[in-house]
Amino acid sequence: MAKIFFEDVVKPTVFSKTKISFNLSALYDKLWEYAIFSLAATGAIIIVLIFVFIFMKAWPVFQASGLKVITTSNFEEQIRHAYFAPLDEQLWEFGLLSLIVGSLTTALGALFIAVPAGVGTAVIICEMSSGLLKRFLEAATRLLAAIPSVIYGLVGLMVVIPLISDRLLNVELQIKYLEYFQLNGYSMLAGIIVLSFMIVPLVIALSVDAINAVPRKYREASLALGITKWRTIIKVVIPAAKSGILAGVILAAGRGIGEAIALSMVSGASANMPSLRHGFVFFLTPVLPLASAIINKSQAISVPSIEAALFSCGVILLVICAFLSISTRIVESAVRRRQGLD
Amino acid sequence: MTSRKVFVMLGLVFLLVCSMASVSLAADICIVIDGKQVATDVAPVLEDNRTLVPVRVIAEGFGARVGWDGAKQEVKIKTAANDIVLTIGSKNVTVNGVRKTLEVPAKIIGGRTMIPLRFVSDNLGAEINYDSSSRTVNVKYFSNMAGTLKIGGSTTVQPISEKIALELMKMNKGLSITTAGTGSGDGIKGAGEGRYHIGNSSRAIKEAEIKEYGLVEHQVGSDGIAVIVHPSNTVSGLTRQQVFDIYTGKIRNWKEVGGKNAPIFVQTREEGAGTLGAFVELAIQAIDKNAKITPTAAPHGSNGLVKQAVARGENNIGFISFGYIDSSVKALKIDGVEATAENALAGKFAYVRPLVVVTKGAPTPLAAKFIDYHTSPQGFKILEEENYLPMK
Amino acid sequence: MIKIKIRDASQQLFAWVSALITLAACFGIILFLLVKGHGAVTLEFLLTDPNPTFQAEGAGGILAPMAGTFIVTLTGVVIALPWAIATATYLSEYAKKNLATAYLKLAIDVLSGVPTIVIAIFGVALFTNPTLGFLSSMIEGVEGVNKAFGKSFLVCGIGMAIMVLPYMIKTCEEAIKAVPNAFREASLALGASKKITITDVVLPSARRGIITAIILGMGRIIGDTAIVWLLLGGSIRMTGQQPWWHLSNWLSTLQNTGSTLTTYIFLNSPAGEGNKPELAFAASLVLVVIIVFLNAAAGLIGFMGKVKEE
């Protein structure tokens, strides 16, 4: 350490007036660099710590269940058994497949609504509106993005759930499916609706950026060829903005999968496996996404094996979200490279 | 012989005069516990410079529980941390199992058990000052607390903890009580791991939890659990067996219990929730040890959500804490007994659960006083305000 | 031809409808909160502490949760800001193109994707460690135990800082990169060291971006529930030395638990154990108003910056 300092400090520069002050300022410079480097490094260390801590806590479950963690789905029953198991024969085997499916179906369903709606809104904001309407739309998007998830959850609980149970459910349907689960409004559909409102502003914001980044000359060339404005948007602008929009979609997917509070309030809180055989009731299945499981099942966290099971939900979440972040990065750098070539 | 008799007589008279004198002297002794003057039906007695007070004074002032064993003539005073056993007329006393000697024994005056205030207070961790000019005994039990106390657990018990913390911190400058509402499960785990001095739970602690963590339970109150249905439901009462059959899935239609022909949709709580744990114990396992709640029951995250579900679904049945009953749902009679606090306190209502706090091993002196506060008159008031049943 | 026209028209219609739905959702939510919550919002509601009770009567106001939101936001930003600026400065001014830098960038990206609930359970596992006990407080007097309480405003602020760090780094980095190179060269040519160049020239020029980063971070912290729920402790009032608003008690308040508007909303909605949805709506309304103001402030700063530049 000392050696490096010495060499750095002694290196002469043109600007020094006196040797001493120059030495001191060079030393300060070096110290400053080390200081900000170590701060930057802490951030990098923390992510490692997060992985290590969460994984350590979850390890017994992975050890006992192996691949079954992601291939079997009997979570509710396993939690119940683990909860009542005597201390010296705790049950460490858990299957989180239904939770993973719950997370993915909810997030994908929300994307299915939010992506077209978000891109459509972005097109209106960038290309079709001006003045007050444009400002209004931008402000609304910003505000939607800023509304806390607990408020979305609250509105979902008080508005969406009653709506679903009044409009889509009846006693016959409830009886028919009672052997699988109880239909009561809390459902994947409620989760999808609430989540799509939460992620649509993200899709809009990133799509707006992407559309604005499309060079003017593209539009001009297309319009000069006599193509209508709308065809230009559909055939030229959106394809050119595709990668940027994709980055937004992936980001939104990550947000959707990681959302805990709002979904725990509306999605049903019991880990059922939605089945396509049930037709449209597929969407009315009460599901338990990974992130909400950590909140909903935390009542039983005093049992060590259940605590480990919840931490393994965290591990799976971490892995999915890390994968999505890295994908965003790859897509973004692809965009940048293309723009660089242009 | 006669002179002896006279001597004895004189002695008796002397004693009588003395005791009368002491009674009259003590009549205006005033006892102040934590800044509040204590009213007693039998006045305190001063004997050998020791004040004897009715045992109720201690019970009320310190939140202690007092037991009376008529056969052995024993008074048992129990707080969260200490156990004192006095015998009427005897100088022998046991404090937490250790024998000690009194200077003045406990006695019965006017049908009330009188106990030596200073001894009992000292051994329970109170501070006593006697102000001879105003003839006032100043006892500090809840107002000589200092240090920090960390409490976490059941969200059901949380408001009670916070209210008590608030009142205690008002009385004590150097006291800091931190509370966190994290759920019964975390309360038990946190106390066991040493993250909390006191863990709150709204269910009884499992055998396994007690064993694993070396926990000690202290009951601070109780709570009734009502079985609720939609107000339009024609059923107004169930037997315990019927509740059992409905929740285990044997009865699936309201007509089987005298209602209309409609399916029963069972609402329950998340595993680990205090109300569920207690309900399973009282309504399910009390009838069949191995029975389980039907897997098609819909789990909810809180009392409020169960109430909302039942208020919205005319075929639903659920169970909630007494405090949550309102006009949006109908509470059923169980075995013909209405779900009211009076019935629960009288022991007539079937589903009454304990509110429990746990500590790892014996509570610290500070934690013990906090627990005692629940069973003091101020604590009773707080529990009643939150619709819980105090331990009167 | 007609087919194409119909297709185009229906596509346009779809875009307009989705834009209108977005607009309607935004106003719908605000209107809903306004209708449901305005009745309970009074000056008294804003200026009194909540009472620990499940009953609607005597529930008190939301002073402590509002202060809690403020304290959490402030501690979160105060911790995250120097950290974010340092990291952004390092990345844009010092980092060489090597494996370590690539890893650092990757780490920040991955961190930005970590769900808040995972940061929260990580915090629970980390901060009960006795070496970090000074952030909350140690459990004293329990036999054979050496653990920290692990929940406090400080702990929560650190959790929040970890959450917003990647976003703030990104915004700061963009702002620093946008500073023209000529500024740096001029400063160096005048004899200033690299440190002086950064602290006195580059960072001040990037201040608008840095302010944007602060507001972005504040917005995300204000809206979070999961981290507050697990790291601040779901209490109703401030639990440090009373009165909590007294300046001499600041450290005790920071080291103890409390609530924020988001947990207050959760606690009082049917989903928490609370029984007072009307108060949850009122608090939601207040929270949304705060967020609207914050957004407006961000807009104003951006606007003023533009005016100044012109």
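All chains are identified by letter, namely A, B and C, in their written order; residue positions are counted from 1 within each chain.
Simple rule for what comes next: contacts are C-beta pairs under 8 Å (C-beta built on N, C-alpha and C of every residue); 3 or more make two chains touch, one makes a residue touch a chain.
Being a predicted model, the structure only gives us computed values, none of them experimental.
Asks: By C-alpha centroids, what is the most central chain here?
Replies: Going by the distance between chain centres and the overall C-alpha centre, it is C.
Asks: Contact counts by the stated rule: is the higher one at B-C or A-B?
Replies: B-C
Asks: Counting in whole Å, what is the centre-to-centre distance of subunit A and subunit C, each centre being its mean C-alpha position?
Replies: That pair's centroid distance is 17 Å.
Asks: So the centre of each chain is just the mean of its C-alpha atoms; given that, what is the distance between subunit B and subunit C in Å?
Replies: Whole-Å distance between the two chain centres: 42.
Asks: Could you work out how far the Cα centre of subunit A sits from that of subunit B, in whole Å?
Replies: Spacing between the chain centres: roughly 47 Å.
Asks: Considering subunit A alone, which of its residues make contact with at least two other chains?
Replies: If we look for residues of subunit A contacting two or more partner chains, we find 264-265.
Asks: Find every residue in subunit C that makes contact with two or more other chains and list them.
Replies: 269-271
Asks: Please output the residue numbers of subunit B that touch at least 2 other chains, ranges allowed.
Replies: As it turns out, subunit B has residues touching two or more other chains at 182, 301.
Asks: Tell me, which parts of subunit C touch subunit A in their complex?
Replies: Residues of subunit C touching subunit A: 8, 11-12, 14-19, 21-23, 25-27, 29-30, 32-33, 36, 82-83, 86-87, 89-91, 94, 103-104, 106-119, 121-122, 125-126, 162, 165-166, 169, 191, 193-195, 219, 222-226, 229, 262, 265-266, 269-271, 277, 280-281, 284, 287-288, 291-292, 294-295.
Asks: Going by the contact rule at the top, pick out the subunit B residues touching subunit C in the complex.
Replies: Touching subunit C from subunit B are residues 147-148, 150, 152, 155-156, 158-163, 165-166, 169-170, 176-182, 193-197, 301-305, 307-308, 323-324, 359-361, 364-366, 385-387.
Asks: List the residues on subunit B that touch subunit A in their complex, please.
Replies: Residues 182-189, 192, 207-209, 211-212, 262-263, 265-266, 270-274, 292, 295-301, 309, 312-313, 315-316.
Asks: Could you please specify the touching residues of subunit A with respect to subunit C in the complex?
Replies: 15, 25-26, 28-29, 32-33, 35-37, 39-44, 46-50, 53-54, 57, 116-118, 120-121, 123-125, 128-129, 136-137, 139-144, 146-155, 157-159, 197, 200-201, 204, 228, 230-231, 234, 254, 257-261, 264-265, 291, 294-295, 310-311, 314, 317-318, 321-322, 324-326, 328-329
Asks: Going by the contact rule at the top, pick out the subunit A residues touching subunit B in the complex.
Replies: 76-77, 79-80, 83, 85-87, 162, 165, 171, 174-175, 178-182, 184-186, 264-265, 268-270, 286, 296-303, 306-307
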